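Would you mind keeping the following structure in view while I ask a few things?
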């Protein structure tokens, strides 16, 4: 295993420390328990937004802390959800008196730890609501799974809920908007290579040189199926089609198209995927009115990409366009 | 070779096409010959800024086209400098009547092609000045080399020259400022893995699992030396020390610290490097007053990082802070 | 024969030792059908429990006190799915163990409470390829042993054997809860890491009890 | 014997063929001490030259016309260091070849001009491990052959041999120009890709001339 790290046990703490030093104008790092809050603290009267999860998905979530998006992010160990005793103080730090919405990716560990944390925070008098993100169409949402996973669509949920909170919506309204995004966003991803969790020291799965893993999550889990090596256009179709079908997109729909890198894929390849995804949407009569291309929800150094589509209306578009000032998204 | 591409010959064109579609609010892609210009075209009366070079270093340079930075970027084939017949029209497109500064990384190919293009453009009546970026301390600037290479420091040159042009400086003044940045910026990089150029189909060099290549450039060239696997803190010291020594940094200096990813390294590792580089500077009494951490000048999917330091004064700081609206840098 | 706080402390120390010893195995099991962190997470958690135990000024008075310390420490250091699941299991068990010394019936009650805690948090039932598949036969075996008049150490020995069989039986199952469920049919053919760690923990309990005898 | 436009066209077609054939070898040489694009770049360039030749309505009148087409096409399609270097070489050569038919002296002048072009652009002298190290002995051999009264085809044959020796002689050199110079002493032990491609191009010229005889 080759990584730019020191002791594998210290990666998260050291990395978040560096993050805090580099971006002291935007964030304030709380070291023990570890969480990242907005510089300047909670905003009086504004609904607080807290997210978190295992580390290794950078810039998610700490990169989305700042004006117009999250108030706090809670990084767990690599690919391991954070613990309630980290999350609860982050919720408290994010509370400006108008309650806190937690944005939780749908994994058993995240759900359980955020649930406990919310109980603790509520016991301390904070009103907490939760939205579960489950945009990954690779997993069937059925009796036979823990439900669809939360992946790159989380960025859209955090951005739009963040804008709603910033404009002064109350907790119910922010939660309802976040849920609308969850309802209208879908993602599917693939991997060309596995990734190596520092404390594991070897790749998360074994993939031959001519194999591609389709339907991966963001934790280096193996995907649903393996296919042979194909061109980017063909692979993109394998991602976009189930996403567009699941959303039942029809001619005239306007969408946000997010092509997300898994961490180790060059930007140039993401744009090749974007080009094809956009053409496929266009063939369906769907108009891409907003775009995002880059590494937003990663799996360490995994090579691969995911395609996310969010159905837009005027309100969601306006909230997407609203100013944001975080380290990873800014406009 | 596993890549999200179609025909290796088409990567650059397809990727730049996707880039243009995704960012039509910021850039306009000219397809034949291939170059990327600001949406809206040249700004009347403003000095034009043009850069370019081989592709594979994304977001450099196209990601830095926009208000406050470049007017045009010219992407060559992967790791191959563009040709004069691409560069000359880009220079023409960037000219708002106040002349054009070309920002050229110091590689024989780039120098020769930009030289020829400048002659062509001048023959068409455009005043052209050039600044050569050569920040890579891994290469001795001596009779025995083609001179130091231009690497990640290019971002600082483009940002600061861009801000100077935007505030209305004339061509000589913009060129002089760009040269000041060149004089005061130094970089050193390392690789954990090689990268694979699409048309080559195999890694640019062979590196054992316990070897690190120190003093790499950004073209997948082998570096100056190989060392064994070490922790991030020790490796960071190997990068920062020659940079700080070459700049002759002394106590009280203020600097911009840029930790740049080579494309395949997770953000978390870059922050681990940043943390250590900052501590080492602090030990020398040097204050980091501006920071940038991320993938800015890459080598395709190479895993590795470079450390860049730019000595700042009030003017350079103000120009660094000036508004910028490109796809890769925005504030 | 009853089991007291010293037994509980011994159980915890043996748990930490066996988890450390099997860390890589648990990581590898989780790498196969999950995300490869189970061994690391549990190891971090039990190391923290031992550190807390070592730092106590007074030894804990009851098994329940020990288990409560385990519960809160795992909850705050393990993370992932296993953190809250084991946390709740130990928390519920600590309530059942809140007397000076546990007889066979109290041991059974403690194990039943632990299983209830896992089920209450995780909402899995037997056959879904989770730690429930180790705890369910463990509790059943413990009940049967106690019904036959076995002493606490034998009850725990039976529970450990039940857990071992249960963990083994997860191999062919297709997961429908937890991270392994994302793999669908590809999850079959691998032992569930949480079931395996449950087996290790119950074996540690039985060994500590055998030593206490 | 003289060499006309038809010879020049044949040279170009043979150049394209040999560059295509040796593309991977040139890529590999460049991968060792450069950035692995030399074979790809030249191949792209010569393919473009042939396409342009094929598209001409009128065949070119003089060798100079052909070489001018090569020059401008390489300049606009090859990129990298080799594009401008070969572009200038062919441009200068085209001026020396601006008559209907080239005798031995004109061939020498053409080769000398090409070398001058490379040196004027690249500022390298012999021994720096660049294409100059192929062209310098090639020109010397051509001069000597012409001085001994050799016909154009023999002059080119001598040049090709000189280039071959020159390319071979780059192997032990430490590069001090171009991308290989970044490697310092590690550049020794590999043939310079540009010297090798220069050899291939001059061999193509000699073969076309031998055929024209």
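Which chain is which? They are A, B, C and D, in the order written, and residues in each are numbered from 1.
Following the convention adopted for this analysis, a residue touches a chain if its C-beta (ideal position, glycine included) is under 8 Å from a C-beta of that chain, and two chains touch if they have at least 3 such contacts.
Everything numeric here is computed off the predicted structure, so don't read it as measured data.
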Worksheet, complete the sentence: In whole angstrom, the CA-centroid distance of chain C from chain D equals 76
Item to complete: Can you check how far apart chain A and chain C are, centre to centre, with Cα atoms defining each centre and the answer in Å?
Response: 32
Worksheet item: Roughly how many whole angstrom separate the Cα centroids of chain A and chain D?
Response: 55
Practice prompt. Have a look at which chains touch which and call the overall pattern line, ring, star, complete or other.
Written response: line
Discussion item. By the document's touch rule, what are all the touching chain pairs in this structure?
Written reply: A-B, A-C, B-D
Fill in: Touching residues on chain C, where the partner in the complex is chain A
27, 31, 33-37, 40-41, 44, 75-85, 87, 121-122, 174, 176-179, 181-184, 186
Worksheet item: Which part of chain A faces chain C closely enough to touch in the complex?
Response: 9, 54, 76-85, 107-109, 112-113, 115-116, 138-139, 143-146, 149, 197, 199-200, 202, 204-205, 217, 219-222, 224
Worksheet, complete the sentence: Given the complex, residues on chain A that touch chain B span 2-7, 11-12, 14-19, 21-23, 55-56, 58-59, 63, 192-193, 209, 212, 229, 231-233, 235, 263-275, 278, 288, 291, 293, 295, 298, 300-301, 303-305, 330-331
